[in-house]
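Structures given as C-alpha cells follow.
Common to both upcoming complexes is chain A, partnered first by chain B, then by chain C.
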Partner chain A sequence: MIALAFTSLLLVIGMGGGLFAKSLPILQEHSLSNLLFSSSWHPMKGEFGFFPFIMGTIWVTLLAIVLAFPISILVAVFLTGFSQKRIWKLVYPILDILASLPSVIYGVWGTLLIVPWISRFFGPIFVEYTSGYTVLAGGIVLAVMILPVLISLMTELFKTVPEELRDVSISLGATTWQTAKFVILRKTKAGIFAIVALAISRALGETIAVLMVCGNSAETPHSIFNACYPLSALIANNYGEMLSVPLYESALMLAAFLLFIIVLIFNLSSQLVLRYIKTNE
Partner chain B sequence: MKWKFIEERIFRVLMHCSLWIVFGFLVSIIYTIFQRGCKILTWKMITTLPGGGFYIGGEGGFLNAIVGSLYIVGASTILGLLISIPIVFYLNIYLSSKSKFGYVIRLAYDILFGIPSIVYGAFAFSIMIYFGLRASLLGGIIVITLLIIPIFVRSMDEVAKTIPHEILDTSYSLGATKWETVGVMMRQIAPGIATATLLSIGRAIGDAAGVMFTAGFSDRIPESLSQPTATLPLSVFFQLSSPFPEVQNRAYGAAVVLTIIVLILSLSGRFITKYFSKNKI
Partner chain C sequence: MMNAVTLPIVNAARQISTLWKENIIKPITRSDNFVPDCKFEHTLEKAEIDVSGLNVSIKGKLILKDINLKIPEKKITCIIGPSGCGKSTLLKTFNRLIDSTEGIHVEGKVQLGTNDIINTQGNALTEMRRHIGLINQRPCPLPMSIYDNIAYGCKINGIHNRHMLDKIVEHYLKAVGLWDEIKNRLHTPASRLSIGQQQRLCLARSLAVEPEFILADESTSALDPISSKIIEELFVRLKEQYSIIMVTHTLRQALRIADYVVFMYLGEVIEAGDAQTVFHSPQEELTKNYLSGAFS
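This part shows the complex of A and B:
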C-alpha cells in the first residue's frame, strides 16, 4: 500500500523528468530563448519557433477566463447569498452534466454553432472576413468548459465565510449585494485567485475541443478574429508524422514539457493556497 | 431611491442572466448535438463495422469504436479501482490525518488530476517508443488507468475523510486490527466508490487526447491486447475532419451516441449515490 501511494509522487517526478530528457536533444541544438521567441516554424528546415503556439495558448486561455469569470462569480454569489436551497438542486445537475460532457462533444458543438455564428453574424460587424475558426471560437468553447469547475469551487469557497459576518453586514443596513461585495468577495480574495489559477491550468491543457475550432495555423494571432494554434493542439496534430523528421519528436516533447511545467506551477500554487484556506477556516 | 438599492437591482438581474446563460449553454449543446445527429443515426450504424471505403463515404457503422471504448473503459475502471482502493485505505487508516507523508501524497494526486491528458498521452507514447511498442489496446488501457486513478483517489478520499473517528475507534476497541477495520471503512465509503466509478467512467469514455497515440485507431474490433483500437471520441473527431459530407454526418451520429452514454452516466450517478448511502452514518 505504501508502494502504491508512493507511485503517485514517482509518476509526477517521472513525467517531468521523462519529458525533459526527451526534449534535451532540441535544447542542445537551439537555445531556449530562440525556441520560445522565434516565430518561424518549419520542422523540415529544422526551425522550431514556439512563439505562435505559446501566444495562441495564451490568447485562447485568457479569453476563456475573461468570458467565464464574471458569469461564474455572479452565479456563485447568487447561489450562496440570494437564492433558496431549492435552486441549488436545479443548478447542480446542470453543472454536473456540463462537467461530464466529453471535450469532443464541445468541439462538435463549437463547429456546428459557434464557428458559423462568428463567421456569419458576429465577425462581419468588426472585420471584413473571418472563417469563424478563430481565437474567439476557442475562447467561447473553453469558457463553457471551465464554467462548471469555476462555479462549483467558488460556491464552496463562499460557503466558508462565517454566517455571522453576513448577518452583521445585513443588520448594519447593507444590501445583499453590498454584503457580497464588501464582505464575501473581500474575505475570499486569495481563494478566488487560486480558483482562477486552477481554471487556467485546466484550460491550458484542453486539446481536442480547441483543436477543432481554433483554425490551427501557425501564426501569431493579432486579434480575436485570427486563427490560432495552441500548444496542446500542436502536439495532438503532429504526432503521426513526427518520427520521420529529425528533432521533430524532441520539439513536440518540449511542447509537452512546457505545458506540463506551466500547468504544474498554476496547479500547485492554487492547491497550496486552497489547502491553506481550508485548514485556517 | 438610494443608489445601493438600484445597484442591488442591477446585480440581481445580472445574476439571473448569468444563471440563464449557463443553463442556455447546456440546452444549446444538447439541442445542437441531437438536432444534427438524430436524423442521421440509424440502428445499422451502431451495429455494423466500417465497410470498404468507409472514410470516403462508403457503407458501414462505427461498432468498432463503441466496442473499443467499452474495452478500454471497462478494463481501466477495474484496474483503477483495484489500485486506488488500497491507496485510500492507506491514507485514511494507516496514516494519521496530520501525517506529512499523507499531505504530500494527496497533493501529488491533486497535481496528477490536473495534468492534461495530452501530456499523459505524449509521455506514455514516448515510453512506448522507448520499449518498441506500437499503438495498442494495452497502451490505451494503461494511459486511461493512469488518468482515472487520481479521480478515484480524490473522490473516495473526500468521503473517507468525513467518516467520524469514533467508528474506527469502536472497531479497534473491539479488538479488530487495522486490516479488519478496513471492512468497516469499506461500508462507509461505498457511496464514494460508486460516484467515483461513474465519474471515472465518464472521464475515461470521453477522453480523446490520451488515447490518440497510445491506442491508435482501427476499423476492426481488437482480438488481442497488442492490436490498435478505435475509440468513440476519436471516431467522431476523425470522421468530422473528413472532407466528405456523408462521413461528417456520421460523426454527428457518433456524437449523439457518446452524449447519450455520458448523460446516462451523469444522471444515474445521483440515484446510485443514494442507494449506496444506506449503510452510511
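This part shows the complex of A and C:
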C-alpha cells in the first residue's frame, strides 16, 4: 500500500520533471521572465511570449467561478431547505447527466447557442463589435460545466449539517434564509472552500469546450468581450503541427509545464488555506 | 396527487418570500433605560398550550392518536413514557419543527394562548416560534463564539446595537450562572466549552429571545450528574417566568421537579394531571405499572 502511495507521488514528480526536461531547450534560449511576461507570440520569428495564454487561462477560469459560485450556493441552499426532498429527487438525476456529458458537447452547445447570443444580443449592449468567440463565452460554457458538480457537492455538504443545528436556529425565530446564511454557510465554510478549489482545478484544465468558444487569438484580453487563448487550448491546437519550427515543441512543453505548475500551486495553497480555516473553527 | 405537486411549489414560494425580509419581529429599542429582558413586545396574553384532537401520522402511520391536553403556564410539565411513545413528536408539534419530517400529516388543534399553532404559516410561523424555546438532547452551540451564540437570536430579530447586545449577553449568561465562569473568553468558539456549560449556554440562548415556553427534549440525558443537577435547578428557578415542558426518561427527575405530569403510551395520553396525583394515586392501571417499573 505504501509502495502504491509512493508510486502516485512519483508519477506527479515524473510528469513534472518530464515536462520540465522537455521545455529546457527554450528556457536556455530565452529568459524565464521574458517568456512569462512578454506578449509577443511569433514562433516563426523565434518569439515566445506566454503572457496572453496565462492571462487567458486566468480570465476564463475566474469568470467561470464568479458566475457559477453564487448560483450553486443559492441552488444548494434552496434544495436542502425544508420540504424540498421531492424537488431534489427530480433535480439530482438531471445534475448527474449534466456532470457526465463529454465536454465536446458543451463546446458544441456553446458554439451554437452562446457565441451567437453574445455576438448578436448581449455583446452589442456594451461594445460596438464582438465576434462572440470571447472570454465571456468561455466563462459561461465553463460555468455551466462546473455547475452540476458544484451543486451536487454543495448539497451533499449542506446535508452534513446536523438537523439539530437548523432546528435551533429556526426555533430562535430565524427564517430559512437567515439560518442558511448565518448557520449553515458558516458551519460549512471549510467545505465550501474545498469544493470551490476542486471546481477551479477542473476549470483550469478544461480544454475542448473552451477551445471551441474562446476565439483562440494570441492576444492578452482586456475585457470579457475579447477573444482569448488559454494554455490548454494552445497545447491541444498546436501539438503535432508545425513541429518543424525550431523550439516550437519545447515551447508547447513549457506551456504544459506552466499549466502543471499553476494547478500544483493552486492545489497546495488551497490545502494550506483549508488547514487554516479548520484550525480556526 | 395534486397535493404532491403543489405542496413543494407552495413551500418553495414561502421560502423565497423570506429572502427579502430582514427581520420578522419588531424589537423595542429605545436606547435610554434599556432593559435586556424586555426587548420584544409580549403579544401573548395567556401562555398556555391547549391541545385538542391532535392526530399526527408519518407516511400513513399514526404516531399520535387523539391527544387532548392542557399544559399550564409557569409550571414544569414533564412528559413521561416508554421510548417510542411519541413524546418527542408531540414536543416537535408544539414548535412546528415537525414540518421538516417527510410524509407528515397533522390534524387537530394546538393553541398557544390565542394563536393557532397548526395553521400558522410563513412569517407568522417564524414569529410564533420565537415564543417557544428549544433545548435539545445534546447541547448544540451554533458555529460561532459564545457571545455571538447569545446575540444571534437578537441579531436576527433586529437588534444590532453593540451596547445593547453587550447588556443582553451579560444578563442571560448571569441568568444561567455562566457569567463568572466564562466572562473572560466571550469571544472564543462556543464549542470549546464543556458539555454541561454548552447546555447552559443553549438555555441562555433560548431565553435571550424571550420565549414564553421552553421545550426541553431530554435535555439532561447527555450530561454528567452534576451538570444535569445544575440544569434541573435552573429549570426550577426559571418556572417563575417561563412555562417549561420537559420530556424525560428518568422518573426520578420527573418526581423531583414536575408540577404537572403527562404519561404517554403508544401515541396516546394515558393520564395527565398534577404531579402529586399522578405519582401517588394514579387512576389508570398502565400508569401504575409504568411507575412501579413493570415496563420502561
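Here is the rule we use: the second predicted complex is superposed on the first by the 255 of 281 C-alpha atoms of A that agree within 3 Å, B and C clash if a C-alpha of one lies under 4 Å from a C-alpha of the other, contacts with A are read in each partner's own complex, and residues count from 1 in each chain.
FYI, a contact is a pair of C-beta atoms (placed from the backbone, for glycine too) under 8 Å apart; a residue touches a chain by one contact, two chains touch by 3 or more.
As the structure is a computational prediction, the values presented were derived from the model and not from experiment.
Of the two partner chains, chain B is the only one touched by A:Ile97; chain C is not. Once the two complexes are laid over each other on the shared chain, residue contacts for A:Phe78 go to chain B and to chain C alike. Legend: residue contacts after superposition of the two complexes on their common chain; A:Leu147 is shown touching chain B, with no touch to chain C.
Of the two partners chain B and chain C, more chain A residues are in touch with B. Looking at the shared chain after the overlay, A:Gln178 reaches both chain B and chain C. In the superposition on chain A, A:Arg186 makes contact with chain C only, while chain B stays out of contact range. When the shared chain is aligned, chain C comes close enough to touch A:Ser169, but chain B does not. Residues 78, 82, 174-178 of chain A touch chain B in one complex and chain C in the other. Those residues of chain A that touch chain B in the shared complex are 1-2, 4-6, 8-9, 11-12, 15, 18-19, 22, 70-72, 74-75, 77-78, 82, 91, 93-98, 100-109, 111-113, 144, 147, 151, 174-178, 198, 201-202, 204-208, 212, 232, 235-236, 239, 249, 252-253, 256, 259-260, 263-264, 267-268, 271-272, 275. Looking at the complex, you find that chain C touches chain A at residues 4, 7-8, 11-12, 15, 18-19, 21, 24-25, 95, 97, 99-100, 102, 123, 126-127, 129-130, 132-134, 136, 138, 140, 142-144, 152-153, 156-157, 189, 191, 202, 205-206, 209. The touching residues of chain A, when paired with chain C in their complex, are 78, 81-87, 162-178, 182-183, 186-187, 281.
Chain B makes touch with chain A in their complex at residues 4-5, 7-8, 11-12, 14-19, 21-23, 25-26, 28-29, 32-33, 36, 83, 86-87, 89-91, 94, 104-105, 107-112, 114-120, 122-123, 125-127, 146, 149-150, 153, 199, 202-203, 205-209, 212-213, 233-234, 236-237, 240, 251-252, 255, 258-259, 262-263, 265-267, 269-270.
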